[in-house]
Amino acid sequence: MTPQPPALPSETLITAIAALLADVRHVAVGASSPMPAAGAMLRQALDEQTRHVRLSILGSVAHNFFTNGSGELFDCAGQGRIDAFFLGGGQIDGQANVNLVGAGDYPQSKVRWPGSFGSAYLYFVVPRVILFREEHSPRVMVEQVDFISAPGVSPPDVYRPGGPVALLTGKALFSFDKTRPGFTLESVHPGETLETIRDATGFDFDHPDEVPQTPAPDAATLALLRGPVLDKLAETYPAFAENWRRDLAAQTQHC
Amino acid sequence: MTPQPPALPSETLITAIAALLADVRHVAVGASSPMPAAGAMLRQALDEQTRHVRLSILGSVAHNFFTNGSGELFDCAGQGRIDAFFLGGGQIDGQANVNLVGAGDYPQSKVRWPGSFGSAYLYFVVPRVILFREEHSPRVMVEQVDFISAPGVSPPDVYRPGGPVALLTGKALFSFDKTRPGFTLESVHPGETLETIRDATGFDFDHPDEVPQTPAPDAATLALLRGPVLDKLAETYPAFAENWRRDLAAQTQHC
Amino acid sequence: MLTNVVSLVDRLRDGMRIAVPVDYAGVAMAFTRPMIARGLRDLDLVCVPTGGLQVDQLIGAGCVRSVETSAVSLGEAGGAPRFNAAVKEGRIRVIDATCPAVHAGLIAAQKGSPFFPMRGLIGTDVLRNRPDWMVIDNPFADQGDPVVLIPAIKPDVAIFHAPMADRAGNVWIGRRRELAPMAYAATDTYVTVDRIVDDNLLADETTAAGVLPALYVSGIAHVPQGAWPYGLWGVYPADTDALKRYAAAARTQEGFDAYMAATDTPTEART
Amino acid sequence: MLTNVVSLVDRLRDGMRIAVPVDYAGVAMAFTRPMIARGLRDLDLVCVPTGGLQVDQLIGAGCVRSVETSAVSLGEAGGAPRFNAAVKEGRIRVIDATCPAVHAGLIAAQKGSPFFPMRGLIGTDVLRNRPDWMVIDNPFADQGDPVVLIPAIKPDVAIFHAPMADRAGNVWIGRRRELAPMAYAATDTYVTVDRIVDDNLLADETTAAGVLPALYVSGIAHVPQGAWPYGLWGVYPADTDALKRYAAAARTQEGFDAYMAATDTPTEART
């Protein structure tokens, strides 16, 4: 048996996502979110012997367990039947506010993004919302968003069983503390340091004295990732799966 | 061709119902309401050449045009898509209040009826509600109902596009004037007079000096009733249709 | 997911709020005698939106504390004898509703909303006897416009009977879609079905359109004719003679007790 | 009931409020060019709950006054170029929503209720920019519990594309049930379908489960592949390359005008 090539950056991210999904019963991911979907599929594979993790991929025919139209996701979340969801954002700030609408003055934004989608609801009712954005730069990670599609925290009188628990980027993983409120740097991905994260981040954050590195997947996890997870992912995200396979092949040649 | 036997009392009632449904586009009737259904089917037959009258029979598989469960009738009415509906009542009073719950003190009624069903909503939103109860006696037609399942009239600030327009019984036809509010005797069925109606009615009502008789169906209408209407009715109300046929046969033998 | 009636009934508890469907939408009659045999007490029934034989039998057997309903009757077989007697004698609390208000309460729960506003009802004794409902002035209107707010109905359990389920736990309800909000609103849903199919009902878009997904289903038991003597929409009709036999027997508590102690069988099978 | 696209588009008027579905739920793309050709102006679009190519093209052609939506994009093909430009230049009014709020407004209309209460939204700039929404204290709570009320959304017209219809006007929507509330809420609903079937879709309970009844349908046109370049749920996929061709062309108004003046054809048919 040839030794496995080392983990790709994306494989480390997917493994980090699976870790954030520990113990969830039902996770929903957006139609164009291959990485969160892969993380959820890895979670399924890791827990296969002990329990069933339900994964709903919006807009996918094969992974659609809904039969009541596009509103059912929100109903289901409102009923407390969705434990985890992913949100991105054109801007994310240090209070975990997210902006999916546009940069600059509203409504005539300098840059207009598609819109808030369901964030202004799901962020309130899904217990474990994971902020996921690969681009980690000062234009995304801002001190204060220009438009609050969904707020990171709410006053105590507001009904809010849900909210953000973590922020995962292409450079690092943060946890979110809603009492403070603010982010804490949990780990940096290979090649990053506290300093590079500081430079890339427009908001202040807490951090331990020694910032650990985001763990790469172990051999067993890598085998699951490159076997059943990749096969399953290819059904819904063929282009993403093809790129992944190409990256693996390229890496093997360099070994 | 043998002469048609004269109209049965039920045929006169059905004809009166069809007259009350002039111009409606969509009429809904309850699952156990063969007479209103027959009236609606006669209306369809009378208008067949000129327009389509929609008839929804609740709980019927053949005449069910709903696909969203038992709540769709109410939604449909709330959208203004149902023009006419029939309501009965254990008690009906002179203000057109109806009681489908029970006689005597509530909740421990002396006599308990099934309950209000959808009356507390439909009476408000269906423009042409026809009160229909064959039993015309002082215990049904009361001065004041013991429990208001649905009120005949509402104060001006209450949203109420619908309400009662007529009361049809086994003895007579009344119209309802919501401005007064009160009933006006429009016609008496064969064999009845103003006096017999007064004796049978627990509430006061207006009436013309000369009370006309409820018109019996003409020959063309009778032909429709005993042909296509009876055939169609038999699909949903076989027992009622069989009785009707038996009554017709008995009458023919007497001629 | 696939189990038997008794093990599902074992999960029910005294004092639970249980939603049951209207006569023609698939009543899980096969649950009724096991529920009585288990000696359940103080159940709060929610009829969606009206009740019949199952409700009458549970009341007659003393399992029921309250019934929220728009009506209870045996349809063509007449009034519901044990319900009517219990109301008259004050042995149960009847919470009179109107059909769309029951649907409104379930929709509120389905949507995760605290309440649902509803037209109608103003000036009725239905409203007057519902301290749990509220009237507010429609805040979107320029002047006074009273509207009734129905709080969310969140049953502990919904039970019903459906034509079929697959092995993944998906249940085909067809156009009896009131069953879906019942399940969405309830914490757990237990279903009896006429048949179990091998193919996944979600795999074909035609059958998928009529499916309540496994996500909302906590347990399924295979009970052919499990709605009897009620019928199953589009599959088989009600056994009206059997309903009439019950109605006649249950006129008195003694008659009811004797009927329930014996075994009744489908009229069709009796010749 | 069965007619053609042009005669249905002839029934549209300037200033109408028109509801359109999300990308994957059956967009009646075949209506778009006829609507533009008709020179419609001041349309108020309601995206259920997000918009895409159809919205972008109608905006690019100057037909649109406002868009109520939770998002507008071309999905994999990127941002919606004419929408984004129009917003930036202030040429249309964008009424930002969030998906469940659009559904809530339609459900309120479906139920004949003036509004629907919704969780979430408090503290968002979405809410801050919606003077047509209201916040009240939940009257069922013991203490302050703000909840947002979404007023009923009642479009003049809903338009969408579905897999099939029968000759009685029943339309099969399958599990794309968001199309039903759109139609319930709208005064008129115009539908394009891939095929017309001879059997009544309500006559069979399996197909009936996925039917939007004729009662809610004002007109149907038979347009095979009428959603192209969008796909049809469970039937055929989107033509992503065609979406990308449009996205590239429509980066400028001139490019858009040239694209719309020419005829594009399915990528599959181009080889």
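All chains are identified by letter, namely A, B, C and D, in their written order; residue positions are counted from 1 within each chain.
The definition used in the following text is that a residue touches a chain if its C-beta (ideal position, glycine included) is under 8 Å from a C-beta of that chain, and two chains touch if they have at least 3 such contacts.
These numbers come from a predicted model, not from an experiment.
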Item checked: Selected interface, A-D versus A-C, where C-beta contact pairs are more numerous -> A-D
Next item on the list: Average the CA atoms of each chain to get its centre, and name the chain whose centre is farthest from that of subunit A.
Entry: B
Next item on the list: Give, as an integer number of Å, the spacing between the C-alpha centres of subunit D and subunit C.
Entry: 36
Check: Rounded to the nearest whole Å, what is the centre-to-centre distance of subunit A and subunit C, using the mean of the C-alpha atoms as each centre?
Finding: 41
Next item on the list: Give, as an integer number of Å, the spacing between the C-alpha centres of subunit C and subunit B.
Entry: 29
Notebook entry, point to check: Touching two or more other chains, which residues of subunit C qualify?
Noted result: 100, 111-113, 118-119, 145, 147, 175, 180, 208-211, 233-234
Notebook entry, point to check: On subunit A, where are the residues touching two or more other chains?
Noted result: 66-68, 74-75, 78, 125
Check: Touch graph across the chains, line, ring, star, complete or other?
Finding: other
Checklist line | Listing of all chain pairs that touch each other, if any do | finding: A-C, A-D, B-C, B-D, C-D
Margin query: Using the touch definition from the top, list the residues of subunit A that touch subunit D in their complex.
Written below: 31-32, 59, 61, 66-71, 74-75, 78, 100-102, 106-110, 112-125, 147-151, 154-155, 157-159
Check: Can you name the residues of subunit D that touch subunit C in the complex?
Finding: 100, 104, 107-108, 111-119, 134, 136, 138-141, 145, 147, 149, 151, 172-175, 205-211, 233-235
Item checked: For the subunit C and subunit A complex, residues of the former touching the latter -> 109-113, 180, 184-185, 202, 208-216
Next item on the list: Report the residues of subunit C in contact with subunit B in the complex, numbered from low to high.
Entry: 22-25, 48-50, 69-73, 75-76, 79-80, 83-84, 87-90, 93-94, 96-101, 103, 118-127, 129, 143-147, 175-181, 233-234
Margin query: Can you tell me which positions in subunit B touch subunit D when the two form their complex?
Written below: 26, 54, 64-68, 74-81, 125
